[in-house]
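This structure is in structure tokens; I'll ask about it shortly.
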Amino acid sequence: MKTSLPLLQLLLGLNLLSGLASSDPDPLQDYCIADTKASQSLFINGASCINPNSATSSHFTTSALAKPGNTSANRFGFNVTLANTANLPGLNTMGLTMARIDIAGNGLVPPHSHPRASEVTICLEGTILVGFIDTSNRQFTQTLRPGDSFVFPKGLIHFLYNVDTKGPALTVSGLNSQNPGVQIASIATFTSKPTIIDEVLEKGFQISGQDVGKIRRNLGG
Amino acid sequence: MKTSLPLLQLLLGLNLLSGLASSDPDPLQDYCIADTKASQSLFINGASCINPNSATSSHFTTSALAKPGNTSANRFGFNVTLANTANLPGLNTMGLTMARIDIAGNGLVPPHSHPRASEVTICLEGTILVGFIDTSNRQFTQTLRPGDSFVFPKGLIHFLYNVDTKGPALTVSGLNSQNPGVQIASIATFTSKPTIIDEVLEKGFQISGQDVGKIRRNLGG
Amino acid sequence: MKTSLPLLQLLLGLNLLSGLASSDPDPLQDYCIADTKASQSLFINGASCINPNSATSSHFTTSALAKPGNTSANRFGFNVTLANTANLPGLNTMGLTMARIDIAGNGLVPPHSHPRASEVTICLEGTILVGFIDTSNRQFTQTLRPGDSFVFPKGLIHFLYNVDTKGPALTVSGLNSQNPGVQIASIATFTSKPTIIDEVLEKGFQISGQDVGKIRRNLGG
Amino acid sequence: MKTSLPLLQLLLGLNLLSGLASSDPDPLQDYCIADTKASQSLFINGASCINPNSATSSHFTTSALAKPGNTSANRFGFNVTLANTANLPGLNTMGLTMARIDIAGNGLVPPHSHPRASEVTICLEGTILVGFIDTSNRQFTQTLRPGDSFVFPKGLIHFLYNVDTKGPALTVSGLNSQNPGVQIASIATFTSKPTIIDEVLEKGFQISGQDVGKIRRNLGG
Amino acid sequence: MKTSLPLLQLLLGLNLLSGLASSDPDPLQDYCIADTKASQSLFINGASCINPNSATSSHFTTSALAKPGNTSANRFGFNVTLANTANLPGLNTMGLTMARIDIAGNGLVPPHSHPRASEVTICLEGTILVGFIDTSNRQFTQTLRPGDSFVFPKGLIHFLYNVDTKGPALTVSGLNSQNPGVQIASIATFTSKPTIIDEVLEKGFQISGQDVGKIRRNLGG
Amino acid sequence: MKTSLPLLQLLLGLNLLSGLASSDPDPLQDYCIADTKASQSLFINGASCINPNSATSSHFTTSALAKPGNTSANRFGFNVTLANTANLPGLNTMGLTMARIDIAGNGLVPPHSHPRASEVTICLEGTILVGFIDTSNRQFTQTLRPGDSFVFPKGLIHFLYNVDTKGPALTVSGLNSQNPGVQIASIATFTSKPTIIDEVLEKGFQISGQDVGKIRRNLGG
């Protein structure tokens, strides 16, 4: 049985994911390596930086995307690992990030949006159904096999679904912000802290209060 | 009984709403008045313009926001009227738009996001519960009375709910794009055309296929 | 008789107004709530922020626009109240602001420009003559009644004049910067501190030194 | 006696000047050479371009800034010659322009602002008093001699005054837009076409209707 | 013997590569699918678009990155395949692109820069030495193995070298422009058409005219 | 004989030059005067600022461009003097800079690129051959005489060569970033610290290891 613990882990994962971004301000110097210590006391738009004289090659490299993420830590069967200013401080002010997305057999990256980025994903393993919805409520959908790429326009709801019941799937995405952020539509509406009041969800999804409660519980909220 | 007709109207309304925007490219001349005729044959990022020598004061003014919208045309009880390049062509390249939001008694602007804009709304009439969810899944919520303003950060899911059962509510919003766009989380996920396949919604909302069908029908999809 | 005190108050008001903005840098996180304390010791482009974990709903809301401003504090009969990072810290990095403009009977918001923003204003009360001048020296002008909106393109000189001798007028404006700034053409040219030397104003306005002195005194400089 | 003809010439000059710019959209290709023919039928934000295969070196060069402008064509004694997309089509999408400013003995570039650009000017000849007014109504002023540079922040009112009664002065300016635009405060307020109604100018400058008429006539309006 | 044919192919490849980009203007609608036909007659900053009503899923997907490029077509032993608006028209206005980089055993992507983009690359196969030079002339270098990522800051010279003499290497890169462009330092300086005059290269590289000729011939210019 | 000392001086000069920039983030206040003291302990994108109440006219002016630079300090015979936030702190956030370029008789500003700016240069003295290479490897070249201007598109390799064997040449450039940065192709590839490994240069320039060594020594690396 799924408990709410994996969801917490998912939410922590989301916090990392919220380390994604779009059409960021241009850099005003070669690089501005995120000062991971200062970032706990000084807060600005983006991150403050270390003295550029202290820059080393290691600030520009990461192995964070090398290993598959744990896709069994949440009820959806996916894991997003992100290069962000915490594990790749040289990324700060660069205006983009990369992510690896692991999806278990029949796993799903649920309908979500990035508030600050467009995304292009390239399928490396598996067979994935992807799609996005535009603001006229049209869905654009495609089945991706290794080598196929797909565009998710900025800020629009999209999903990635591993249609293979057995094997895992893997994609690598570029996003045009150092911190795109992510909101999963179901998680954000039903399990925020504190929760949105029931009337809003009853009306918004045209369901009963009981249904709201059930969905909320199932989603671990 | 709700039919799908009001939903169609809502969707048309959404098309208008999709006429909203964020941090647009800066103008390269005083104004670039949208050419509403050319816009049916020439498509660019934004809109092409009329000869600036043909500019008149009427291109910079609109009464589109003067009258309350029809809040009974959809099942949620709200109406958004937007100044956009169709009714206010001088808005093109200006990097912002204004909207009036009418909400019937107990009506709701359901949880939605603008892919290309931040928003500040000022309550002019009624008592409105507003809120947004951040990418760490925290909800920020407030009750607005006339004169109160609230910020909805760029791209994040938010809602406005008229907590007064009887009287209508009214807010005026500024959004920092000439075309912010809008996606209602429930409508986009359950009633897109074509619809997202059931498995994705079952998994994404942790509901049964029957539930998916019921929500879809209730939302008019 | 008007003394220079009201002018000082006007100038203080202008300082607030200078809390307006256009096509600001995009946000690199969900929000970056202005740290009103730090802003007295640390200065950057925009404002530094509080720890996002300390964010509360109150940071995103303000009643600053709820009450009419005092239109008798200056010789022009207007008052601009602005949502800015001081009274609405959640506005920081959001790329827009809202303002309420109160104008007494026959009052005037004198010809002015916003160095960093376009503006759309919606008339809520009264009858207002508005206009702007483009860089080819053409004037575009319109009479607004409640519900009518008008666009003032970025950086161009414009004015709002309450043509009703008795009743007050009210508009609400959106501006696409968190800090648009404002310069009133007459105030900036004739009453800056220190003042522009007489020769420049004599030549620039083709008036005598006596005229310069008279205008300066009348404007409270 | 000054007639209105020189003013017309000044205004034509302003039209050219309105060919200046600030923080323009970034280029999406190496160059996008303005199509000076198309620009009479197709209007967009900026200018449409010629086929890049037709690019030649001449598109990237101009002698427009080589010769002193005629400083006696207007009552102020200045002339601004600008590199713009008409005389330097390769400038389109490049995000900046250059201007040469000639000022006769005791001539003045009257208080003016650029709605879309910051400016840095370098004095090449003569002795020039320059200044700008910030939005708190402070004036910053300096006397420039050959080799001295000065910054005029974006959108703020500034002037350049040749304090030498005899010899001409010359500066070269960079502005960070391909089309900064210019508004001279006195010209825009007193001699627009059509003119701003007298009441607005009487109130705005605290002068009589007779004074408005006199200034307007003196300025050639 | 290498002939100039492979170089022509390389240059054609560079043309495609010049289909890369950085901090592009933000989109003003959900998508603006590049009109590959119109792009031969109408030229703007970026690309004009098809009627959004004609959008299909195929506009947002490509298999262009699926197959290894031919690394033997040039003397360096590399091939860059790029998703651009020609093979992925939905990419237009999205502000980023993806590229696959194939490098033969001991092959090299020679020192080059992207005039309009930062880049993050992730190594998928092989062992690659990468490095960039900053504007203080410091080199930052790293050996990447599968799963390792590296940042190349905007506009700076960098290279990728397959240090394995036998097997091929593969990386996937994200770049924050839809059209980053590329310039290989040696190719651009020694083999442009027409060529840079010898004196400039002799002085610039401190070599003899004979050396210039030899390098030029070896590079196929 | 040239020693490596002048090269060090050149590199220091390059460090200054790296004080150049392009399409910078827009300002969020009138000015944000670089705090030259804080800039040694606090690092952000751009520079932190002094209290705006402490602004003086001297912050907006500099004589740094008044005197010819020493063109004999490096083996190329040029000197670039730049207005940057160190000598002109009011430039911070303004989105542009100005530079003076002195070139000795037959001196050369070697092929180089600015990672963050487009440039327009105006020739004030001498006869200069200028050129740039686009990403299709085409060269655009022109001979400039006093008064002639030329555009160097963003990020592309370009050069300026004094074709007069005797007299010095002088140009003034505007660049659309407060910190454009510069990379000289030969210097960056052959004399970085640490140096790029020989194999990369041998392959990249199709020369022998001996040639690499010779060029490196000649360039002072």
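Read from first to last, the chains carry the letters A, B, C, D, E and F; within each, the first residue is number 1.
Here is the rule we use: a contact is a pair of C-beta atoms (placed from the backbone, for glycine too) under 8 Å apart; a residue touches a chain by one contact, two chains touch by 3 or more.
The model shown is predicted, which means the values in this text are computed figures rather than measured ones.
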Chain C and chain B - chains in contact with each: A, D
Turn needed to bring chain C onto chain E - CA fit, degrees, nearest 5: 180
Taking each chain's C-alpha mean as its centre, the one farthest from chain D: A
Type of chain A:chain B copy interface by residue overlap (half), same or different: same
Centre-to-centre distance between chain E and chain B (centres being mean Cα positions), rounded to whole Å: 40
For chain A paired with chain E, centre-to-centre distance based on mean C-alpha positions, whole Å: 28
Multi-partner residues of chain B (at least 2 other chains): 18, 22-27, 30, 42, 44, 46, 115-116, 134-136, 138, 141, 153-154, 156, 181
Complete list of chain pairs which touch one another: A-B, A-C, A-E, A-F, B-C, B-D, B-E, C-D, C-F, D-E, D-F, E-F
Partner chain B, residues of chain D touching it in the complex: 18, 21-25, 42-47, 115-116, 177-179, 181
List of chain B residues in touch with chain D within their complex: 25-30, 32, 35, 42, 44, 46, 48-52, 92-93
Contact set on chain B toward chain A in their complex: 11, 14-15, 17-18, 23, 75-76, 106, 108, 110-111, 113-116, 129, 131, 133-139, 141, 153-157, 159, 161, 181-197, 199-201, 203-207, 211, 214-215, 218-219
Chain D partner contacts - residues on chain F that touch it in the complex: 22-27, 30-31, 55-58, 60-67, 83, 88, 90-91, 94-98, 100, 118, 120, 122, 124, 132, 134-136, 138, 140-142, 144, 146-151, 153-154, 156, 172-176
